[in-house]
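Below, chain A partners chain B and then partners chain C, in two separate complexes.
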Partner chain A sequence: MSDLLEDLWAAYASTLGFAMVNAFFALATYATLSAGILSFAAVTYGAAGGFLGAQLLLNTTLPLPLIFLASALAGLVMAMIVAALFLRLESHWMALSSLALVLITRVVVLNTPGLTGGVNGLSLPAPLSMIWLVALLALAVFGFWLLDRSWYGIAAKSVREDPSVAACLGIDPRRIQLIAMAVSGLAGGLGGVLMAMMLQFVSPDTFFIHVAFTMIAGVVLGGSHHWFGPVLGAAVFTALPTVMQAVVPDLQDIANGAALLLIMIFLPRGLLDPRAIRLRRAAK
Partner chain B sequence: MSLLALDGVRKSFGGVTAVADLSFSVREGAVAGLMGPNGAGKTTVINLISGLLHPDTGTIRIAATDIAHAPPHEIAATGLARTYQNVRLIAGMTALEQVLAGRYLRRDTSLLASILHLPAARTAMRAARDHARALLARVGMDHRADTLAETLSYGEQRRVEIARALAAEPRLLLLDEPTAGMNAAESAEIGRLVHALRDGGLTVLMVEHNMKLVADFCDHVVVMNFGRKIAEGTAAECIGDPAVQEAYFGRRHAQH
Partner chain C sequence: MDLFLAQLLNGCALGALYGLFGIGFGLVFATMGILNAAQGAYASWAAIIAMYAIELAGLPFPLAALAGIAAGGAVAVLVDQLGFEPLRRFGPGNHQAAMLGALITSIAFWIMLDSAAGLMTGQQSLAFPPGSYPATVFQIGPLLLPAMQAVSLLALAVVGGGMHWLNTRTRFGAAMRAVGWDPVAAALGGVNSRVIVVATAGLAGGISGLAGILAGISTANISAGLGQGLMLKGFAAVVVGGYDDIRGTAIAGLLLGVLEVFCAQYLSSSWRDAFAYALLLGFLMLRPRGLFGGGGFTRA
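The block that comes next holds the complex of A and B.
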């Protein structure tokens, strides 16, 4: 029995690790989405945190918590730059610009080998312990729980659903969205360094379109109206390819797509939808 | 002393002039009515005052401040609250949460203190919840406080929306057709509420089609047609005005 558990753990530990890392990116996307901004820029915040963290790990003897903090702050700084440039844009333009930013990020990473290792990337020595991952994700989730229950949470919900009504209630939509982007930057930057440590390697391809796809799919799948949605969605979306590969190896991509389609058709607001829960409770 | 004063306000959308050279003022503590046939520009005026639109020319003053080009959240902070012609509640929130959102300006704590759940911020949040619950009771909706607002009836949603507007303790309240879609009993209830609010010192400007309500509750009426003011005075004066009768019933009827 214990052998079986050990085998299972060996087979799925890395999947679980990546699920948690992806949860940071999904949470970073959820952070802006919950204030009405669809943005893929968390990939760029991840690159900022990932490469800075990698350099600190390779060239300094800083303790891990400080490296995590520095990486999160790198994401925050990047998010504030993005906010200064893009926050004035209408929502769909914001989404497109942030996608362009993901493409630009890769080019910048490729062409600054002194900082990023360029085409060759950077290899990192020690793997990330699962304890750290669990602790940091718990901390992040606690942060989102606090945000949700605060005046910020009430204001963000209002801005997301109807910015002009929110403004007439005295809520400054830009201020709320700036906070949302700051939170997104912190989560993305932290996700970046965790991704780098999990892979023990970072390169221009580490923070690219596939991360944007995974995180947005994770949020849509899990539900974008509660902080647990992205965590759940990231887990499902990380495990799905692994499971599908085991079950239907030849049809893996088709099975993935079909599973996503089914969820979007039957659960358009995601797996976890507080509104549906409230409606069900009201019906009783 | 007028709390609200519009002077020479003009607003065009492309070639269409929605509001032309409009001037009127509302005395502090008064209930003023804004009337006019459909398309007269009444809702545009409400949107101009609340800052969702900005006039091409003219000034809009609340107390002494010109807010014609201020953003809506700054205008709200000067003490203005409003409701909407087609109720606009926030999807996914309970009735209580809607009113709580309206209390944002009076939250008595910084956003950071609230996010960190500092003791003072928690006390302030509890006070805000109590206040919101009391307001729901005032509009007769406390029994539905924890119900998802979008599942309430239209009349109930309107009452929640009024409670939300009152939550910030405004000085000036704009009501855009508060009784639309309500039956006679519900309308009378809204009328009584407006009256009670005025007795409490609130200044109200309401767009209203219900003549009885206007006659019973408005101290002062402004009538618009095609974006212009065509009459102003007491409800009785306005209803008797030939230009108003023409606007509502057409020229031939007015001559009889």
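The block that comes next holds the complex of A and C.
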């Protein structure tokens, strides 16, 4: 029995690890989405955190917590730059701009080999221990839980539902969205360095469109109205390919897409939907 | 000077493909408010079907191209009806939820269609058999114009002009714009929005398919990845041109193609994408409504 468990662990430990790393990106997207901004820019925050973290790991002997902190701050700085440029755009344009930013990020990474290793990327020596990952994710989830219960959480919900009404109630939507971007930057930057350590490798393709789509799919799949939704969604979206490979190896990708499609059509508000839970409770 | 002119022509021919694809992409975004990640796959599918129509069925090139375009349109309608239609019951007032949901289902279709396209081509990069498409080279003064470049430019002019006419001068175009503004209000005004949506999806798929076929010939590369390159640049053309503006998209596509070729020729080929995307970002900052865009307003 314990052998079986060990085998399972060996086979799925990395899936679990990537599920947790993707959870950071999903949380970063959720942070802005919960204030009514659809943004893919967390990929860029991740690149900032990932490459800074990789350089620090390779060239300095800083302790890990400081590296995590520095990477999260790199994400934050990037998020503030993005906020200064993009926050005045309307929602559709904001989404398009952030997608364009992801494309630009890759070109910049490719063409600054001194900082990022260019096409060849950077290889990192030591793997990341699972304990760090669990601890950081727990910390992040705790942070989101606190935010959700705070004054900010309530204000963000109203801005998401209707910014004009929120403004009439005395909430400054711009300020709420700025805070949301800051939170997104921190989570994205941290996710970036964790992704780099998990892969033990960063290259221009580490932070590209597929990450953007993974994280947005994670959020919407898990449920974009609850702080635990993104974590759940990222886990499902990361585990799906592994499971499908075990079940239908030849048509893995097609089965993936079909599963995603079915979940979306039949559970459009995501797997974890606070409204449905409340309704069920009220019915009892 | 000759080199300059020759490269200008190459840039325009490349840009025509971006513009064409962008028109299809923008049509879906303007009419249905959907950021369609599967749009690139329509281009790959159309190119693959057209190639097999020539290789296996032995059709002449124009018929094979038509078959490819029809396949692109059919796939687009299928994606729309299977992936987007079920989400439209969210109705108005839940626009963001519907848009997000459609983005996810389009990602799902992107994954499925790309991987099916990979199976169809055996994960290889194929090409149209030589001699199956017009390969004459016209001589205009010092310039050489291969027939397929001329076809690309002509296609952009015809499709761009035709779509602009359709959009601004016909009842169908008015209905399309009405559905794009508000499907419920359009329905109250007597527009059958489901028909309009299906027709728009088919049109957009066909136009993207045409871009895919032409790109498959000019790059001699037909594979599952064909659509993705087109999609990134087509997306840029849509944003620079303004997503609800067909003229703007066509011109922006040409501009991006010329910019790309000139950057590769005169500056640095590794930074050429950077210039295209910098232009994109600049437009988003300074003229978010595109080349010819006017002012916008929002309702509370």
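Throughout what follows, the second predicted complex is superposed on the first by the 284 of 284 C-alpha atoms of A that agree within 3 Å, B and C clash if a C-alpha of one lies under 4 Å from a C-alpha of the other, contacts with A are read in each partner's own complex, and residues count from 1 in each chain.
Note that in this section a residue touches a chain if its C-beta (ideal position, glycine included) is under 8 Å from a C-beta of that chain, and two chains touch if they have at least 3 such contacts.
Source: prediction; values computed, not measured.
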With both structures lined up on chain A, is it a clash or a fit for chain B and chain C? fit
A:Ile179 in the overlay: touching chain B, chain C, both, or neither? Say first, second, both or neither. first
Looking only at chain A, is it chain B or chain C that touches more of its residues? C
Does the superposition put A:Asn256 against chain B (first), chain C (second), both, or neither? second
So in the superposed three-chain picture, is A:Arg278 touching just chain B, just chain C, both, or none of them (first/second/both/neither)? first
Should A:Ser150 be classified as contacting the first partner (chain B), the second (chain C), both, or neither? first
Partner chain in contact with A:Ser164 - chain B first, chain C second, else both or neither: both
Just to be sure I read the superposition right, which of the two partners does A:Ser91 touch: chain B = first, chain C = second, or both, or neither? second
For chain B against chain C after superposition, the smallest C-alpha distance in Å amounts to 7
Do chain B and chain C touch any of the same residues on chain A, and if so, which? 164-165
Residue set of chain A touching chain C in the complex reads 36, 38, 85-86, 89-93, 95-97, 99-101, 103-104, 107-108, 110-111, 164-165, 213, 216-217, 220-221, 224, 251-254, 256-258, 260-261, 264-265, 268-269
In their shared complex, chain A is touched by residues of chain B numbered 50-52, 71-73, 75-77, 81-82, 84, 88, 90-94, 97, 100-102, 104-105, 107, 109, 111, 114-117, 121, 125, 147-148, 151, 164, 168
List the residues on chain A that touch chain B in their complex, please. 146-147, 149-152, 154-155, 157-158, 161-162, 164-173, 179, 225, 274-275, 278-279, 282
In their complex, what parts of chain C are in touch with chain A? 33, 35, 37, 82-83, 86-87, 90, 96-97, 99-101, 103-105, 107-112, 114-116, 232, 235-236, 239, 243, 270-271, 273-274, 277-278, 280-281, 284-285, 288, 296, 298, 300
